[in-house]
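Accompanying notes for the structure given below.
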Amino acid sequence: MDFSLSNEQRAWQMTARQFAEEEIKPITLDLDEAPDAHGTFDWEIVEKGSKLGFRTLAVPKEFGGEGTDYVTQALVMAELARGDSAISKTFSQNWKWSHLIAQACNPEQKERFLRPFVADHRFLLGKGITEPTAGSDNRMPPKDAPKAGLKLRAERQGDEWILNGEKCFIANAPVGKLFFIDARTDPNAPLRQGTTMFLVERDTPGFRIGKVFNKSGWRFYRNGEMIFENARVPHANVVGHVNNSDMKTQAAGDRTGGDIFGDLELAANALGVCTDACEQAMRHAKTATQGGVPLFEQQMVQLKINKMNMLTEALRSFVMRIAWEHDHKVHSANAGLAMNFSTDVIQEVTELNLEIHGGAGCKVARHAEKLVRDGFIWSHLAGDTVQRLKVAARLAKMAAH
Amino acid sequence: MDFSLSNEQRAWQMTARQFAEEEIKPITLDLDEAPDAHGTFDWEIVEKGSKLGFRTLAVPKEFGGEGTDYVTQALVMAELARGDSAISKTFSQNWKWSHLIAQACNPEQKERFLRPFVADHRFLLGKGITEPTAGSDNRMPPKDAPKAGLKLRAERQGDEWILNGEKCFIANAPVGKLFFIDARTDPNAPLRQGTTMFLVERDTPGFRIGKVFNKSGWRFYRNGEMIFENARVPHANVVGHVNNSDMKTQAAGDRTGGDIFGDLELAANALGVCTDACEQAMRHAKTATQGGVPLFEQQMVQLKINKMNMLTEALRSFVMRIAWEHDHKVHSANAGLAMNFSTDVIQEVTELNLEIHGGAGCKVARHAEKLVRDGFIWSHLAGDTVQRLKVAARLAKMAAH
Amino acid sequence: MYNLHLSPEQIEFRDTVRDFVEDEVKPVTLKADRLDLNDRTLPVEVLRKASQMGLRTLALPEDLGGVGADALTCCIVTEELAVGDTDVAAVLAETSSLGLRLFSAMTPEQRARFGPAFLEDDDYHLALACREPGDDSALGINYHRPAARMRLATTATRDGGGFVIDGAKDCVANGPIAKLIAVEAQTDKGPALFLVPRETPGLAVTGQPGPRWYHGSCGQISLKGVRVPAANLLSLGDASDNGRGVPLYPALNLGIGRAAYEAALEYAQLRVQGGRRIVEHQAIGTKLAEIAVRLEVARTAIWRAAWASDHPDATADRSLPDLPLTTIARVFTAETVYRAAKDSAECFGAMGVMRDMPLQKYIHDAMICLHTGGGSADDKLRIAEALTSHRRTQPMLAAE
Amino acid sequence: MYNLHLSPEQIEFRDTVRDFVEDEVKPVTLKADRLDLNDRTLPVEVLRKASQMGLRTLALPEDLGGVGADALTCCIVTEELAVGDTDVAAVLAETSSLGLRLFSAMTPEQRARFGPAFLEDDDYHLALACREPGDDSALGINYHRPAARMRLATTATRDGGGFVIDGAKDCVANGPIAKLIAVEAQTDKGPALFLVPRETPGLAVTGQPGPRWYHGSCGQISLKGVRVPAANLLSLGDASDNGRGVPLYPALNLGIGRAAYEAALEYAQLRVQGGRRIVEHQAIGTKLAEIAVRLEVARTAIWRAAWASDHPDATADRSLPDLPLTTIARVFTAETVYRAAKDSAECFGAMGVMRDMPLQKYIHDAMICLHTGGGSADDKLRIAEALTSHRRTQPMLAAE
């Protein structure tokens, strides 16, 4: 048992902390309040962070990346999220898919895509699964409706595949240069057996970005529709095998018993937001006064601060444990449980922080209110009932062994 | 970062797990349902466990104990509590005070008390703080009421101290052989400056056990009144200095920034109960049926099982972290936070387990219902508002640094 | 029109029962010994006195010799009684509501046979035996799916001018103390209800085995060749919709919460810590306020459901929503009171868990309400079906 | 006696307003653009139509030219309006309730001066300016301790036959749109209230700066040498106990919850996942049931408080408890609706957080109700004081 960090881990943590404090915090509130969905993004911060290695943190060293372990990745995500949750996610979204390239792509694909990704500070990655009529059915294909799930169609024509259909709510869609796209290649087979994953470049003919979504929270984070109208993708861009897209839970990608990275990612990001909220709440409680007395003197404020810290430290313990478990290929349902837990924690902690900042009249603390909106994003990514049922199914499977 | 256990830690864990499974589980339900407060205790299980080292786990090796670290102690407490929470506490209550002997007693006292304690399998320890009119004021002496707190009076007469007064709700009182007793030696000073701690042996003249309390949960755990009527205690039994009883948060005892051991103890014990509840719930959900279909097929059962495991694994991560922090003398408010957290977790988890076992008619699953009663004990030991305010004060102090 | 004034009779009933509870019930039921789970003997003398006050025949119409109280009054009385003792409240609520239900459905001949004894004997209680061992009435797996129709294992076989009943019943409220039991059994024409006097040969009642997990009195009934005349067949008509019935059980549940809350509020004004009464600490004050808010709101929901059960026309004219208001009141009250009992107990520190103190009893009593029957999880599924107007037909009781 | 029938007029009002919301409000307010926090322009045309229906003068007595609706009806109307738009509901509730409060207190001369314009002009709104910048009305540190008496920084100095008012007010509901503003100011005899027409020289109104954190319209008022005749002094009498007033704000809050719930219930019956409508999944059904239970219970509590505010005699005769029922309804509703909005949004997946979809708006609207003013934490302390009958005297408004 050892909770201490290595020097390298500590160094990454400190670099990220400083970046969050000095570069992210000064811009985050103004970006959050930009009136339209396009004004919330900032290429400059992406470039700055990329130069420090945050964009390529998970790319193996042999391809020019930082090749860090999961513990380091968790630390960096949490520190960046202390500055801004969505900016942290914009970086880590690339790790998610660079994990996937490293795990699932063939050597030729790695050369073709990882090299340019590493070289270009504005090269962002994305993945398209969700469609207008298929959300949770992709995550947990129903037993009694074998044809449920995504509909985007890919048909082979010689050395190419022709893609037709639509994806929605796709992270990084409006800013990414390369996407993993799940498409139905056998419309008569169930989802897991009839879907193929393709690498689709931004400038693919017949592929375009549709609407850009404007979220209530995570406003920095770009999210959009993808429209495929006879989009032509070379066969060489098929990831793994045809009719076998489910890389992340199959042989090539599965090292941790669930999603390789996504569960940890959301939990670690939430941890950063909670840490920020705890600090803010304590600072406010010690400096703001009522009748000349610091708010902290009031029992109800103390109880809220206690609860915020209690949940945050429980989450921190859990996150660091699953990061270590990922590094050591421990099979369990823990990452999913931590992700579910992070939903409850980030929402409760940010809401308590808002309560502490609340009070007089019709005014709101901008920062505290932003964190609540960011926290609500977890509801559909990490803590909805489908995400919890999925983990429960895994628990039952583990218990059977 | 390393979550693996040493071979020695693993060995203690396995010994405790086996003992809980083979020795504790078969007797726990019948003892719990014994009609009166005296029928719930069993010396035989104490002796059996003592022979395996569970009673003296925290006594330094030089005095014949097991001298284990906090990580091991946390593991053993959790495993024993998987069998029965109160039996686990009966053992660990001795560690709590053997920590105190080791930290705060002088060499002569150690010889005089630790040796016989180690030698006798029925030698149990206890400590008396609470009195009928002084509970939370002892834990958190109020600034604006300096004389609040315990009233038991000790007056010096030559080489002896004469004790008069009453303690209540004292753990192990009816079965212990040696007690640490806090008494007022300067009635005009505030609590922290006017109290002295004494070692009081069971057969001290003028000292007797009053009423034995009958709790709704933790029924194995003996709890009673202590009555002092001109009880005569030798001056050689003063622990530390006169008018300076607060060993556990002062120089001699403070190694972790709070209670040495008690916070971890309750959190680790809760972890064991939760682990038991999770196992029971999964087993029941997979074996019990409705209309021929296992309960686990129902979404609401899955969501409950998910929540139980989510909270339990969060607690496990937190407990192991603070055990490690204790071993490494890391100063923080974490142990207190983990203890508060364990209250919320044990109650929610045991209640969900009862829900899963609920259902038809007017029948109750004995085991599931017992765990809820055991879990409610945390409300006044680990999770009441005073315990939470105390930790909040510590957080504020840490934040000031 | 909309009016929340209670009638002078309702207020008088409440005051009378409240005084009775203070003077006659609590001194018996709050004795240290009886607070322990292991000794919950029914306070027979208290029940007898309550019967003399009319509480045993509270809901029975006046023309049948009862008090003829409306549903709201019955709920008020049940809450007050439960503040003193849930067992007393449960036994009286069961007999009173069955009195209304059974005697209203009886033929004049049946009323003549059973009525006088029922009215005269303060120990005469009623029971309805419809649950069979192994029954699972939870919606669960059948949510939004058609449920299989259950056939009763207890049978009533025609034999000459009567029936012979064989079978077993489980979890029969008031079973051990009832002098008249309405037993549901399968006939060749479907399920039917039979009036079976306690002393009928072949009928045996035993207390419910296992740990105590009910309020009042509860038992198992075994029927072996129990012979009843055809004249004992009762035409009860359609089973009422339980989700819209009189919320007596939620009212009882609320009484538990009030007992816990009143104890905590009193103690918080006496106990001094930190140099002031603990009610003056924000933490305790807030806790008490949260309890009070939820209990107040629960009572409002219960009273609405009670009044609605007597006034289906208010749903028809859209003054009230077309929802199972009693189920709504039950699920809300069960969760509220359990939490209120725990929070109240916490104000007492270690005393909150001692078996000779009432707080642990209140928690246990509230836990029973939260978890008996299908529990809140099941209630919520029933409400969910009602929200989309998914109607379930209840099994009907056949009548000759 | 106890009766939960609504009057035919109440039901008609509800139906009329509900139709109005469907036909006239939602098409304007649920446009994608207006769902974004950054564009919450007041739908002036909608407000005008509502005024023509009588909703601006709803509470004003009939003999003063208003509709003369009782408190319950006002709450029903506010809830219905808020289902369509909280801003519309808030503006109308403020003017309607101030109409009752101010015009009832006016002298005949004042009524003659201000009444006709108020009645005739559909854009004529009212505001009460009593909050000063930096005011902290939270109980907080003063819980169970005597509060320091605050002195208003805004002053009214006698000058010849009138007064000159100087100062500033903050968070004035309806401030930016009011044509008549009642301003509280310190005179040499204590605080007093002055009727100040919008066009009075020296009076300036600006929209509330910073992120939007209110419903309706809100602003800051600056008063520099504002001269009003002594005849504009208003004798309002004792400030009413806010904890027992008309629960319009909780009713508005409930409307938000209902809008979210109705959207979720509809969507859950359309969206198919896992081969069946999501409402048929236990997890979604249970979530919807929990929302419905809490909203139903909240409405019951609000209606009780509304009726009670019109009927203090029901407290006197002990039909209702002597507690701040409006505060109780507010704190319960605020927590309930926030949770209901979040749970409803969750049913929509990613669509629940999109700014061109209504769910995120409902969450934000509910969050404002939960956190404005002192918030629920403060409400609970006020209730806690009431539980032990600790009475706080409100600052009084001086009258000549």
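Points to keep in mind about this one:
The chains carry the letters A, B, C and D, assigned in the order they are written, with residues numbered from 1 in each.
Just so it is clear, a contact is a pair of C-beta atoms (placed from the backbone, for glycine too) under 8 Å apart; a residue touches a chain by one contact, two chains touch by 3 or more.
Computed from a predicted structure; not experimentally measured.
When chain centres are set by their Cα atoms, the one at the greatest distance from chain C is A. With A-D and A-C as the two chain pairs, more C-beta contacts join A-D.
Taking each chain's centre as the average of its CA atoms, chain A and chain B sit 41 Å apart. Between chain A and chain C the centroid-to-centroid distance comes to 51 Å (mean Cα coordinates, whole Å).
Contact of a single residue of chain D with at least two other chains is seen at positions 276, 281-283, 286, 377, 381.
Taken residue by residue, chain A touches two or more other chains at 298-300, 303, 385, 389, whereas all remaining positions touch fewer.
Taken in their complex, chain B has these residues touching chain A: 1-6, 9, 71, 282, 285-286, 296, 299, 302-303, 305-307, 309-311, 313-315, 317-318, 320-321, 323-325, 328, 333-334, 337-338, 340-341, 385, 388-389, 391-393, 395-396, 399. If you check the complex, the residues on chain C that touch chain D are 1-7, 10-11, 72, 143-144, 265, 269, 276, 279-280, 282, 285-286, 288-290, 292-294, 296-298, 300-301, 303-304, 307-308, 311, 313-314, 317-321, 323, 325, 328, 331-332, 377, 380-381, 383-385, 387-388. Chain A makes touch with chain D in their complex at residues 33, 35, 37, 130, 135-137, 140, 142, 144-145, 148, 168-169, 213-217, 290-291, 293, 295, 297-298, 300, 347, 354-355, 358-364, 366, 369, 372-373, 376-377, 379-380, 384-386, 389.
Those residues of chain D lying in contact with chain B across their complex are 281-283, 286. Those residues of chain D that touch chain A in the shared complex are 36-38, 131, 135-138, 140-142, 148, 170-171, 208, 210-211, 213-214, 218, 273-276, 281, 283-284, 287, 342, 345-346, 348-350, 352-356, 360, 363-364, 367, 371-375, 377, 381.
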